[in-house]
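What follows is a single structure, and I will ask about it in a moment.
As written, the chain order gives the labels A, B and C, with residue 1 at the start of each chain.
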């Protein structure tokens, strides 16, 4: 039996002039508390060569808790040495940030750049068939993916291939360098309706690196696009020296519209670092080619014990969904899209009283630079030169238990 | 692993003239069966000083079973002796009836007076941070609470403080006296919509002490009020002498309307008694300052055993949501509200074959005395002098398993 | 702790002319994957004479996965020898195919004839009180049933009795013959709305023996009928000789309309056979009077082991919901109903690598012979002589884990 519960409290501090924005642009995000994840699952082996993982989630990232649903459910054949074959719903590997498990991320949410990338053909509860090679210093995975199992109303599912190659070119007791390349190629976008001529729509976007708000606002978004193909790649590196951990990534995304209506390209990057004040290191996991939570050297105890592990961290991310956005006050150039650019600073302090508990406090500044409106599906956006961005601050606290 | 399952069957017997009532006043409640609770959870300790409880509910009180959702999820720090600090979703203590756990109540449902009180700033799955002091003869708890985690569409959550003080001034082997005072103060009602000028609405009401009906009818209700502040207090006492158990309480509620539109005050009281024919007593729990199910002296068994424990019980409750309701046939006085008064008699027989099982049969007579209609949010109700009450009988059977 | 997870992938191959059919007649079924069942439950005994089973389902048969809900929850008294009394939600026994547990069926879905029969007053999650007699060679059950616990919006639930009698007149080590008779009688159809004059509607239909499609299309259906009474009976036999298993059944269904508007009668039959290439037999379960999955003699293992168990199977089913349907091009005869006839061939190959895993591949041809449209509730259908059937092929793969 395994469980991961994350309870988030957040307070959004928005400028007064945000109130004049349209509903889609986040005039008033809602502060409060919610269960980000409430996982309850069973993992095990059957008859040696087969393993399974059945995991259910009773939490939800929309400010309101959602009913219990499947988070991942799969069966894996382990009888081929370092290669494992898996079928079911799970999260295919799509980079260092993606492969860091949801209870082990340094901040409350993954950075928006990696978050958008992983949800194109991966993310939680994706229908998949995959083959994985994992050894001490090399990780490779190729996965054929369909829709997420919670997606409703899809007529003939999305079909895509996603893969990752990662290696540890240098590692010793105090130092580790991890390089990772990952990408996705959606060769058939899901039908939005029944019948031959149905639109095949996809929307690329990401929440503002915190999901307590229940309006579901995405400050930057491609809008719904009627797409023929979608692709994405991400190059990431992580370096660890004793208690210092650093990680960075560069991502590109592309959408080819249907009916020869052109193509859009987007990009983004992030960098983050953390330092463990109490001397621990983030341990490397060869099974996922990523780093996890530190194990406190001395668990917290008022009666003569230690203070657990304490970590400070900082991150910057820049997700740019503009493509030929043009100038403010001018018409949108032909073939352009005003999806907006989101730049976010995050500072965090994490406390690990023992191996099961984790408390995270973080402060964020999110700046949105965006013109015009969200375009309708597959059409070029209407001319709208208003500036629809804002700059807001968010404070948040997560209480987490995992076992 | 812990579980509590309650399966209720009920038959509503309404007078023929009830059929002419409006839908909100319960012209035809639906008989049938439903799972009132289907809890499945895990409780445990981590590293000595910390404890947790993760509990999910697959049942539902609306005649229709609801999808699995969080019932309570919390982490608690126990390292400060008799004081415990807790964060997450749970049920803050709000009196003797409220603190009696859902599997240990003498009747199928808590009395309407305490039920309405506990749901103002407490009840199942409330977002909370709390401090609890519990010793053998004294219990105190203060809790800061937000919304319930299942509440949807709240923009900036409710904020409230709720607390309870309870003590056992007299106790020996055969006799116990428990006194309890509890209250809630909602200093910020939840926003009903985004934006600065949003209404802050709250509705005070309670179901008719049985929830098998799936129309969700509340016979007495304040209607939706646009409120600045809401408060409530309850004074209760319980006395036990050998197999005889008695309990009573007096409650007051207040709502201050916004924009200086006045205030409403409501009240209610209840009394109940039970007698264990087979000689057991209801055991006292110092951790919750309430009494629980008796443990049968000899479990039921056809092959030479005993009959388990048998209990008979009676209750009367009176919940009055009228405030200057005026006379029938006359206009509603200025500042008045016709929420109605509900008086309910309940007779019950409970059978405990062993420590895990419980079967409860009960007969209820519910009388509703009510004029006029439910007022719109924050307005004074329109003049409507029709009598919208009724008197109905309900028989019900609960089958319960708990471990 | 018990679990059953079934992950289905299916591809629907429909003729081009199906696209001109109305939405209700399945112009474009959706291919893809979904979790048919994701059960997670606890089964046990309390104090010797009592047993319970609490089971939750996180999967769903509609192409989209549904939130976790109750699959069955019951308490049973076993203190009366071969007779067991049970209360709660479960699946009453309604024949050999029905009693074969969902993880033990030879094909992905039960045949449409038995599927329609079991859902009239039985099926998963039915509110019931039952008495069961089970001995080595004789099984009898009588059950009083209400609605399914997931049914919403029922005002005063359905009330019905369902029962089954089954026996093993001949059995030795290599050969078994099982005979079974079962039936249901619905004496009160559920109210569709509140009030005295509410319609009491019921719809008889079944999916096309595969449920990956998320449009919920039922090719053949009685339409919604305002019914006074509904009945059904099924006669089935199963014979096993070493590795060869055969089973067949004949079913009749009847609906008496309200207000003396006449009656409809429907029928169907099926036959199926399977052969275990690796020499195992399907074991007989006296507790359910049905046969289960074979236990592989040598579990599959690349390192020197065997190949598990391999099974080939074939089935034909014919479900006829026409009643005086008349000729194509002619008006519908008085008192007739054009519900359609579905004839389905299925061929399957099943692989059981070990006792916990099962992979099933199947090919189906479904032919629909149907005139006219679905009639409105309780009315005779309008004249519509168009042929609304089609013939389609479906390939499907199930991956299953059960423990």
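Convention: a residue touches a chain if its C-beta (ideal position, glycine included) is under 8 Å from a C-beta of that chain, and two chains touch if they have at least 3 such contacts.
Every value quoted in this text rests on a predicted model; they were computed, and no experiment measured them.
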Rotation angle (°) superposing Cα atoms of chain B on chain C, nearest 5: 120
Equivalent interface positions on chain A and chain C, same or different at half: different
Chain centre separation in whole Å, for chain C relative to chain A (CA means): 41
For chain B, residues that touch 2 or more chains besides their own: 56, 58, 67-68
Residues on chain B engaged by chain C in the complex (per definition of touch): 1, 3, 5, 7, 19, 23, 27-28, 30-35, 38, 40, 56, 58-59, 64-65, 67-68, 214-215, 299-303, 353-357, 399, 401, 403
Contact footprint of chain C on chain A as seen in their complex: 1, 42, 46-50, 52, 54, 56, 58, 66-70, 73, 75, 79-80, 87-89, 127, 146-147, 149-157, 191, 194-196
